[in-house]
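Note that the chains take the letters A, B, C and D in the order they are written out, and that residue 1 is the start of every chain.
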Amino acid sequence: MIKVGIIGSTGYAGAELVRLLMNHRDAEIVWYGSRSYVDQQYADIYGNFFELVDEKCLADDLDALAEKADVIFTATPQGFCASKVTEGLLGKVKVIDLSADYRIRDAARYEEWYGIHHPTPEFLEEAVYGLPELKRDAVASARLVANPGCFPTCSLLAVIPAMKSGLIDKQSVIIDAKSGVTGAGRGAKVQNLYCEVNETVKAYGVTTHRHTPEIEDYLGEAAGEAVTVQFTPHLVPMNRGILVTAYASLTADTDEETIRKFYEEAYADEPFVRLLPPGRVPETRWVRGSNYADVNIKADRRTGRLIMMGAIDNIGKGAAGQAVQNMNIMFGLDEREGLMTVPLSV
Amino acid sequence: MIKVGIIGSTGYAGAELVRLLMNHRDAEIVWYGSRSYVDQQYADIYGNFFELVDEKCLADDLDALAEKADVIFTATPQGFCASKVTEGLLGKVKVIDLSADYRIRDAARYEEWYGIHHPTPEFLEEAVYGLPELKRDAVASARLVANPGCFPTCSLLAVIPAMKSGLIDKQSVIIDAKSGVTGAGRGAKVQNLYCEVNETVKAYGVTTHRHTPEIEDYLGEAAGEAVTVQFTPHLVPMNRGILVTAYASLTADTDEETIRKFYEEAYADEPFVRLLPPGRVPETRWVRGSNYADVNIKADRRTGRLIMMGAIDNIGKGAAGQAVQNMNIMFGLDEREGLMTVPLSV
Amino acid sequence: MIKVGIIGSTGYAGAELVRLLMNHRDAEIVWYGSRSYVDQQYADIYGNFFELVDEKCLADDLDALAEKADVIFTATPQGFCASKVTEGLLGKVKVIDLSADYRIRDAARYEEWYGIHHPTPEFLEEAVYGLPELKRDAVASARLVANPGCFPTCSLLAVIPAMKSGLIDKQSVIIDAKSGVTGAGRGAKVQNLYCEVNETVKAYGVTTHRHTPEIEDYLGEAAGEAVTVQFTPHLVPMNRGILVTAYASLTADTDEETIRKFYEEAYADEPFVRLLPPGRVPETRWVRGSNYADVNIKADRRTGRLIMMGAIDNIGKGAAGQAVQNMNIMFGLDEREGLMTVPLSV
Amino acid sequence: MIKVGIIGSTGYAGAELVRLLMNHRDAEIVWYGSRSYVDQQYADIYGNFFELVDEKCLADDLDALAEKADVIFTATPQGFCASKVTEGLLGKVKVIDLSADYRIRDAARYEEWYGIHHPTPEFLEEAVYGLPELKRDAVASARLVANPGCFPTCSLLAVIPAMKSGLIDKQSVIIDAKSGVTGAGRGAKVQNLYCEVNETVKAYGVTTHRHTPEIEDYLGEAAGEAVTVQFTPHLVPMNRGILVTAYASLTADTDEETIRKFYEEAYADEPFVRLLPPGRVPETRWVRGSNYADVNIKADRRTGRLIMMGAIDNIGKGAAGQAVQNMNIMFGLDEREGLMTVPLSV
């Protein structure tokens, strides 16, 4: 039984970790960390766990936790995990960081986009980017996993096979993404109040969103060259879900079936990526509450472009689900353990 | 492995049955029945099942199905199941009817409230009302279970312990209920279009809703006398959930703690009824996607009334979840099998 | 041209006052008061006013404002207005208070339910309860109007004609109300975040909601005796709207048509109360953005009860709309000025 | 007083026409046309009009109506209007067609994208494309106005000034649009049921949406050459609103301020286009219920692209509001008459 500690268990991604791990046969939560709710019953904050979790929240204390746990999930603001990781900590416990601290390879680039100092860049090289579809083997032997961002997860899964195909202009990728409101976190801000978000849609972080360099890093890796990506997220009035609609210019007079083969090959053995049949569009409802990513493409010969589409649950495959998937890989378990519940479509 | 057939598998309750049974270790679906989608891939209708269900819809043919299945769920309009049940059928297969056909003991009363003829009243006496908290033993040996309505399930669980306590005026019960829109079904009607339901709330079926006699029958059973109940449902813009707020006059100068003891006793060993701590109100989000019923009471000495509150997922404990619970009981399984997933609160 | 100052113009009721007064031919806003946004452009907070309002927010300073305005609306938390009203102020300017400070006749009762000290009870007798359908003449000559609460407005309009009819048991009234989320205000609280409110419904303030004594005061006035009322509000995932479903026991073997006559008489000349045809239920969407209150009744001879229903826009007739209606009456204008826009149903 | 007939008054755009015209000082509705609700009270279908409209629905009979009206709005399915227009009709009455029948200049292109025969292509040359910001003078003297589609309206207003600037690659325009559900109409279809649309987002009509040629026609007109546009609409769970996020490659090392001047010039005198300050993003809530189009741009020197954004109410400026604006122009009225209500942001 893997002993798990969760730092930041009272945010939305933290609560999803708890929900998923409750259904996991080989894991046991030993620490419900929280900054704001220490000493309160966890089930008083999330009533769905009433009679299911009878634990109180503990402080976000990684050192104490390292003595008790086999793995720590940090579902905390940017900068927190990076300020705590030491060789001593990693000697005792594996760390899966749901923040951005170790996702971007270049500390200077991290500091530029996030506007904060990186205190422990010496671990950047060791940290493994936890997108199993890209880095499964490296994850298996990692001590420190940088769990990908929600937008990058959906974007990379939708675009990488096309990027690797050599059939699109590598510098032409535009990603227009739509996110549910859990992505904005559980902080008490006026802009996230029900009446400020309901019945409206807007773009945000236009040209400056911090997931951009992360997407560029790993699309670039697939491209074999540095790429520049246009990324624009939007906020949609729903709790969960990310939808990505990405555009790229075709470089040859190719057709959809040819490109589709690269997707089929990439995802044939992937348990959580579902390549939809031709003509079907991904919808976020079909993956809600699950670890699935639904992907499809449409070639438009009229315009000479390829449209790449993906849908995930932003706190599932986009955060907690993927983190559990990484844990399974790191501990040699069946990758699907605890993650095979059917999406709750309605 | 129990072989299960679902008649009406493409409605919302039917799809929830499929979702729940996919997570059930001892059941296997052998028939996806449908009236409207025969020969279509089930996963084309509900995309969440893509790559999980690779079956086509079959006709709603109970006789053919009786040869293949151990149990049939009928998630069909009123009158359908009653028109199909025969001694021959029940000799071959168990039936769990999610419609109202066998819920009301008196065929005349059924016909009056539902406005349709009851073709097989001879099975009314045999049929067991499948509210396990009331009828567990009878369910265990039943061939034909009348799965309760969503509003009755929530209302009965919220009110019955008080009714049995003798501390409320038995004729004073008023039930004001609020339902999500899945309760209206998946039929193509203008009144259930997104823009007709979103951003508004209304009562419906005022004084005439067909769940009234069902509530009265079983509240009356608890009361030891016939009772008349005022029942008013409302439509709320959300997918899932029923909230019941019920009112009754206290008959004595009692207090909340005294009445609470009756609830504690009634639900101490119930796996799916959660009596909340004093002062906490049920919310539908805390039970979403689950088979739980959250219940609480508040006594108001100022007004001399008791307020009884309950929350369920209308297609969970209010339909498909309860149906699976009944199946588990009928087949001697752990009652909780397939139903222990944590509610999806966000 | 009436010069208007709004204290608390950046809350939801304040913003609705601005919206309505922009369409008012005889009023001009001279002061956009705010506690949190002083010196910021009003249209930066509410983008709908971009290019329509080119003013900055000013402090919530009543004394300064009294020199410039003919009437002040206070859309502020409980206790604020009562701490500012003086004989000197009322000598200079009319005050329409949208808070509860002067709604309850008895200061001790106010202090008990609201839990705060009333600093100026000496104005309670002078203050007029601004429900025009009850107090039109008194409003016309008032210096200080206590604008009714949203729940009381809807409840009183739905119940009073029945109460006056003598055909219901005066002590039997139960009011089950459902409110949109603007009613919770624009404060940055976790409980009002989108993901905490969306896709769920709950009761709140059960037996203790502060609108209870206000409802009792004016239902009691109609009854000719003190009445005790059971009042339970619920939070519904929508921006605007209040729906009231009220229950009372019939005292005689009467019928709906008889009681309906009392409603017809009460509302025959009321410009903003619409008595619906028999059998039609009020819905909040039909009054959204307007000052209308839709009302209807249904008698249930089977149970011996009367069901009284009402729908308003909680920040329209339940707050800002009614405040403008009161202003119109106080200044001798057509009561409907600025309020005759058609409800925005979709 | 202009006498107005509305064909298709019971759809969402039709009902918005009724709402707007009720607030119009110089117009009077003489015909509430409907296909499905003939002889029913209009206010029985749209309860917001209760006590405001006391008319019954009449048949969609243009010939009869032409005798009574000065102008006819056709808010009907594609092909209907084109099948009715004759020289005789246009000799008696002006026609503002809210369908696509006369929007696309080339009948063959219309037939290709819409898949239906165009019965009266002889009126295509006379018909004026009713986007006042482009065609105000032609609208003023038109007998037949083709009211623009919702997506084209928002797209053209967001992109045309950039296209005219010569600073973007004319063939590089990608338009990613998001629409509320009223855009799907009021037909009883399963796919538009509340539970099918709520809590999800999807693309639709990918590469094939019928508004594409309309956008291309008028962007091409602005470009001075034929252009090919990538257009992808998405369905968002909200009633009203369209948001456009459009992308184009910059052709020179220019900056945002330079391009902004073209927008400032284009919209300086436009009553309904609001160019937002630098850095502010359009949101659909700020234009809800109004005829405004909010527009902004952001240049991204890092990627060498321009992002153009627009927000409208799809049944306001995207349909009924624009139709009324066109009527005002055609009849020599103040273009803003009936359209100056403040957006209902919450």
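Just so it is clear, a contact is a pair of C-beta atoms (placed from the backbone, for glycine too) under 8 Å apart; a residue touches a chain by one contact, two chains touch by 3 or more.
For clarity, every value in this text was computed on a predicted model and none was experimentally measured.
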| query | Shared touching chains for chain A and chain D? | reply | B, C
| query | Where does the A-B interface recur among A-D, B-C or C-D, taking recurrence as more than half of the contact pairs being identical by residue number? | reply | C-D
| query | Which chain has its C-alpha centroid at the greatest distance from the C-alpha centroid of chain A? | reply | C
| request: Could you please state the distance in Å, as a whole number, between where the Cα atoms of chain C are centred and where those of chain D are centred? | output: 37
| Any idea how many Å lie between the Cα centroids of chain B and chain C? | 38
| field | Centre-to-centre distance between chain D and chain B (centres being mean Cα positions), rounded to whole Å | value | 46
| field | chain B residues counted as touching two or more neighbouring chains | value | 12, 182, 195, 198-199, 237-240, 283, 285, 288, 346
| task | Spell out the part of chain D that touches chain B in their complex, as residue ranges. | result | 12, 181-182, 184, 186-190, 192-199, 237-239
| chain D residues within the chain C interface of the complex | 12, 15-16, 18-19, 22-23, 46-52, 182, 199, 239-240, 274, 276, 280, 283, 285-290, 294, 315, 341-346
| task | Sort out for me which residues of chain B touch chain C in the complex. | result | 174, 176, 178, 195, 198-204, 206-207, 228-230, 232, 234, 236-241, 243, 245, 247, 281-285, 288, 298, 300, 302-303, 305, 307, 309, 311, 346
